């Protein structure tokens, strides 16, 4: 029986166009698995002095900026932050929402694009999933950090106790707690499951302590049909189940605000509005991370190509538009409703002393993506994309800042209005969680294969077909 | 990437972690133990003897019937009787010392109320509760000993058992927390 | 039955058809499907290799987890207010709308955790089929593992010769 | 008595202090080891875990409100009003409420001190025996005429005792004053009453039953004669007990809380109050178709309208409304009664009342039965003049802080230097105490004995009892006891003196009586004082007033770059409240500012001068200058600036020191012909300093004024 | 022990026509409830711990300008927005007293209740505020000294309610109208504050609450406040 496989792209290989396509699309530019493995492993195991310095700096940042200041805050009291009456939530919750938003990217990119079989996702699902997990880890700290008495946080956990008391399941914070726990656990598992074959790969190509770790984590993965079948099934369940969880998480985060009677928060549109905002900032963050990975790590230019930036750029544009739609919707209806307090609030946002935050939000979230991302060339310039997406994230941070401290400061009684200004502790803890995120990511980049090699190979092979009987089938399972 | 010895096998680190854990656990354990143990009193007051002679609790802890606090007896109360008694036991010698100089005895309360909680003796006494229901059988103790596990659940248990029809009122947060 | 030895042949992933052919020939040599196991670095469809569908209980386990999660959620939603009823904000003791949120989250949590546990449990559950591995698999090779009676060994080797397989020595080496 | 004194020994107790400390540590094993120290001997009136309530009298201002102080295990917990007390009927102002923070102040003087150097804190502690011996020595060695007593307005018992002592020593009568006197125009009322009614007693304005009230600057809700009594009066006035809800017109350059409570505020030009009152008097007489009284002979309606900035029509309308009312009433105080022509203003206000015949009428003017001791500023001036001339060798000071609250132009510090020995009885290290040679601290308000004769806000005779509710916290001693011991007065101790003083009340027809002194005394303390069953006022006659002729006050409009000054007392009273944290934390009713002083400037004026909110402004008068933070206050005449009184201490402990500014520095050392301090004529100029100092306010500037933050 | 006791409904009426804004209630509340002072910088930054505050707005332009004063404390809502959002039941409705209760022990400090309070009447313990000796001697033993990280608010002087209930029970009688006075009511020089049982038709507070002048703050939110205001400024009859 003749063994005959050919890549789809090979059919056009003669033309220059085909060569471009090949250059551009990872899926059409296959490399032997062994080589790809080697590239990934090399990227993972190359550590420069710069890397260690960065790791040390961010590690110190975590230690001092996050845990040092947090410790001081616990001992001294919440007053070391800039919160005040009536701004009881401020930068912490802003950053919390920001991180939770970031964490949507992994799931979105990985699960939704997986479900919709978007091929360009393949090389960067892992990077995005890592972002989800670490973003959540950083974000999930904030509900703890912002507690006045963090040493009693476990009272939010339902467990039978001597006080006869249970948590209040009517409280959005308990929903939050449950949702974030669910999301953190499931996204961690969702990161882990597709990682198993790659861990096995890493196991086969490492020695010493790395080998023992990978061996443990790879769960004796060999790659038998049964294992693949099981894994695929599990991934499928996750891909489908984690999407509603993801939507629920940010919806619930938005409900923290929307269920309250606070002016400017009590809005039914907050759920989708927050989700769109989260995906916008999440996808932008993926672009940022990919740019950094691509430009700092070895061999990554092969995996992370212009097509990736191009497609993500389109996504950012789409979500920026969707965000603008929701924003306008919310604004118009509030404005039209004519409730005096809301009008005051909106006027304040646009004209008050902190109007620059509001304008930053609009410029970064709407103007910049709209003006630039139409352009294919810009979408295909990684550095430009990096700058644009950074600005989008700045804008999204500004959005949350507007929603939280600025809105809380201007409630129904003008007598009690108050302006919040962050203090050293707020800022350093926020920076500390950024350090934590980067630190974890730096660590992970050298411990975990950042590219899901098997998925890439799978994708590349999916573009080859095999004759079976009368018809042709693709070689790999997924595209059946 | 091969290193001589991974950092996590560093003996110093392991010992350090072990020490920290030991201190934390030890602290917690000590905390638990000392709250369940009778504290050191300035005079080892023999409750068994006093209760045995038939002195009612309210003779010394007179506040229980009329107000929230049962109170500790003043030196006057002790000295009132003991002035007439011999002082040749070590405990009575100590009492004589306090009594003769009119210094208050620094008693350490045994049945303490957690902070932020208010307890009122009067309704409990009025409802006919005996002292020993909550304070144990002091006739068998010299210094008063705490009863472990007297927490909110303990209160609620009793309220539920004693007066299920009034449980809404008796489990109202405002009853104790203000 | 006579003693069996585990054998493994490897093909680069471009030689997929040879692998399929190998399985076909092994079957012809009287080696049962249960004694054959294909290991690969990418998931191949069962159809391609002409193998029987493997099966898994992950779905069932996940469903069971979801049911457990739902039960826990229900008991928390409706059980705990019963244990110590506390009135808040004029809301009923057993509000349906808020319970939906909790129910959803905990059901999903049950589903997802149990799915993962299912993967884990199925992994550590003893399975049929020949055990063996070669690190080359993760380099893009397809390995066909089979256990074959010692006496048939030569026959099989001969039968596979024209496919130019790579024979793995000592495939039962530890991972 | 000895029984009473010895009870102080009983109350040595500190358990709850430790307990409170432990509460802060939090729950857990720590609170297990709280040691609770019970009483060594249980006083019969203390019960474990139960509060004891004592009646006493507030000494925070001269009003003499009755208090019920809740004590718990020997500590004063909470000050409440005495519901039976006729002055305040259970109500109480912020200053009275925080008096526990006076007792338990962190900066008290804990025992008698011999100052090393005047003006410096920290001297050598001495024993009370030494202290008494020292005072005795001063009494013996100083010539009677060279001894001077300077006393505050509270308590009356000490004033009476000192008067006796002074006459025994052949020393001049004690001089008494209070900053509240000259800030609120109290002394002016006394002068007017002496002049026209023959008794130095405060008029009592029956606000409660009035129907229409013209208020010339009286801050009757804040301080004035008797804030609690008049607040109650305001309630009755608003509730319209005898008919409709009352209507109040307030004539004042600045809206105080009292002026703001009025239905109509007329921003009258400062200094024109007398003219307006007289004009209204005449117009009211016209409206009633009567001859205008003699006192209004010289007034020209047109000139009055021009001087005051109120149109003639408005004056006529107001006058006819006043005259047509069933129970009209005119009151006055504050800056209106603090100028050179304060006496004329007060007379005019009384004339306005007299012209509608409301003397001795419900809703009208009465005369409080108690005679008030003179509290003229001129006497203080004279005393300091005497000191400056070196004719005072020994000065005893109690209850006042002249270095703080007298006009800086008087230069009290300089006069002090000429006095050989100054003995202060202050409980707190205030400016005056530090500038003296000996500080022999008196008990604070809730620790000492005494009585206070109620001088205002009532038509009955009231003697309010002051008794200790707690054992003195520190090694302080009652000044009365010190003076009795050192001066050789024929009393055993202070309580003996008080008992003898109240002896005549036994048969004076009060709400209670007793056959013998001990039980009368017990009831006196129990009820918080003695008072008559019903009103007992001497009827007053308006004739002398209406027939008199007074000199027409000259309006003194401010030049373009100068501003009229309005100074008003706040919750800090005469400034002695400035060491109480919770008075600081209580927002000012008008501005909501806390913990600092400010200067109120009209927004237009501020704009003109380029002053913004929170700018530090220099306020300069002919006599001195101070710096204060600008507060743009919309309810103020543009040609006027207003300053709160009470802050700006250089001493008095951590909460007072260096906080705010002291308007007394701007005051002239000028008394009018009738002896009141004429500060209201002061003109000041404003200049921005370029500094900014945001002050703590409870209101949101952005929310309320639409700017800032 | 009495059987089914009818739910008491403590309520308060504030007559804005009588309120002069004198702040006596603010001080009285602080002295009764062990409210710590925070100092100039902290209060300036909006961290004063006043349980009751007098909102002062300006009405009109000079010279027709005048301030309005409105004391605002916890409105003890029947349907309190602060309660359902607390994850740990620290802010709960007392079925017995029909007031809102803040349970300090239970509070973990999410501050959600404060955000959700439309009256902004909750304050937070940003620090452990010192109560140095001897200042601490005047602390009210019936009221908890709060520690850092917990939310607090006006309690309608629940310690006084409890004390009165306890005394009445011991004496075997019902609580009389006017027996429980809140600290602010007790101090209020013009008697603008009335407190009592709203469920009893004849009580002073329920009579006052039935006045035509009555309104509730932010009534449109459906929070069912227990504090009723009477319109001031001569707005009689409407």
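Note that the chains take the letters A, B, C, D and E in the order they are written out, and that residue 1 is the start of every chain.
Following the convention adopted for this analysis, a contact is a pair of C-beta atoms (placed from the backbone, for glycine too) under 8 Å apart; a residue touches a chain by one contact, two chains touch by 3 or more.
Note that this is a predicted model, so its numbers are computed, not measured.
Taking the mean of C-alpha positions as each chain's centre, the chain lying farthest from the centre of chain E is C. The most centrally placed chain, judged by C-alpha centroids, is E. Note: the chain lying farthest from chain D is C, by mean C-alpha position. Chain pairs A-C and A-E differ in how many C-beta pairs they share in contact, with the greater number at A-C.
Chain centres here are Cα averages; for chain B and chain E they lie 34 Å apart. We define each chain's centre as the mean of its Cα atoms; on that basis chain B and chain C are separated by 60 Å. If you average the Cα atoms of chain B and of chain D, the two centres end up 50 Å apart. Per-chain CA centroids place chain C at a distance of 64 Å from chain E. Contacts with at least two other chains are made by residues 164-168, 170, 174, 413-416, 418 of chain A. Chain contacts: chain B has residues 114-116, 156, 168, 173 touching two or more partner chains.
Those residues of chain C in touch with two or more other chains are numbered 84, 86, 88-89, 91. The residues of chain A lying in touch with chain D in their complex are 352-353, 410, 413-419. Per the touch definition, chain D reaches chain E in the complex via residues 16-17, 20-21, 23-24, 26-27, 72-73, 75-81, 88, 90-94, 97-98, 100-101, 103-106, 221-222, 227-228, 231-232, 234-235, 238-239, 245, 255, 257-258, 260-261, 263, 265-267, 473, 571, 581-590, 592, 594-596, 602, 604, 634-635, 638, 659, 694-699, 704.
Note for the complex: chain A touches chain E at residues 76-79, 83-86, 88-89, 143, 146-150, 152-153, 155-156, 165-168, 170-174, 177, 256, 259-262, 408, 411-416, 418. Within the complex, the chain D residues that touch chain B are 12-13, 22-23, 26-29, 31-42, 47-50. Taken together, the chain E residues at the contact with chain B in this complex read 1, 3-5, 89, 92, 94-97, 99, 101, 103-106, 142-144, 146-147, 155, 158-159, 161-162, 166, 169-170.
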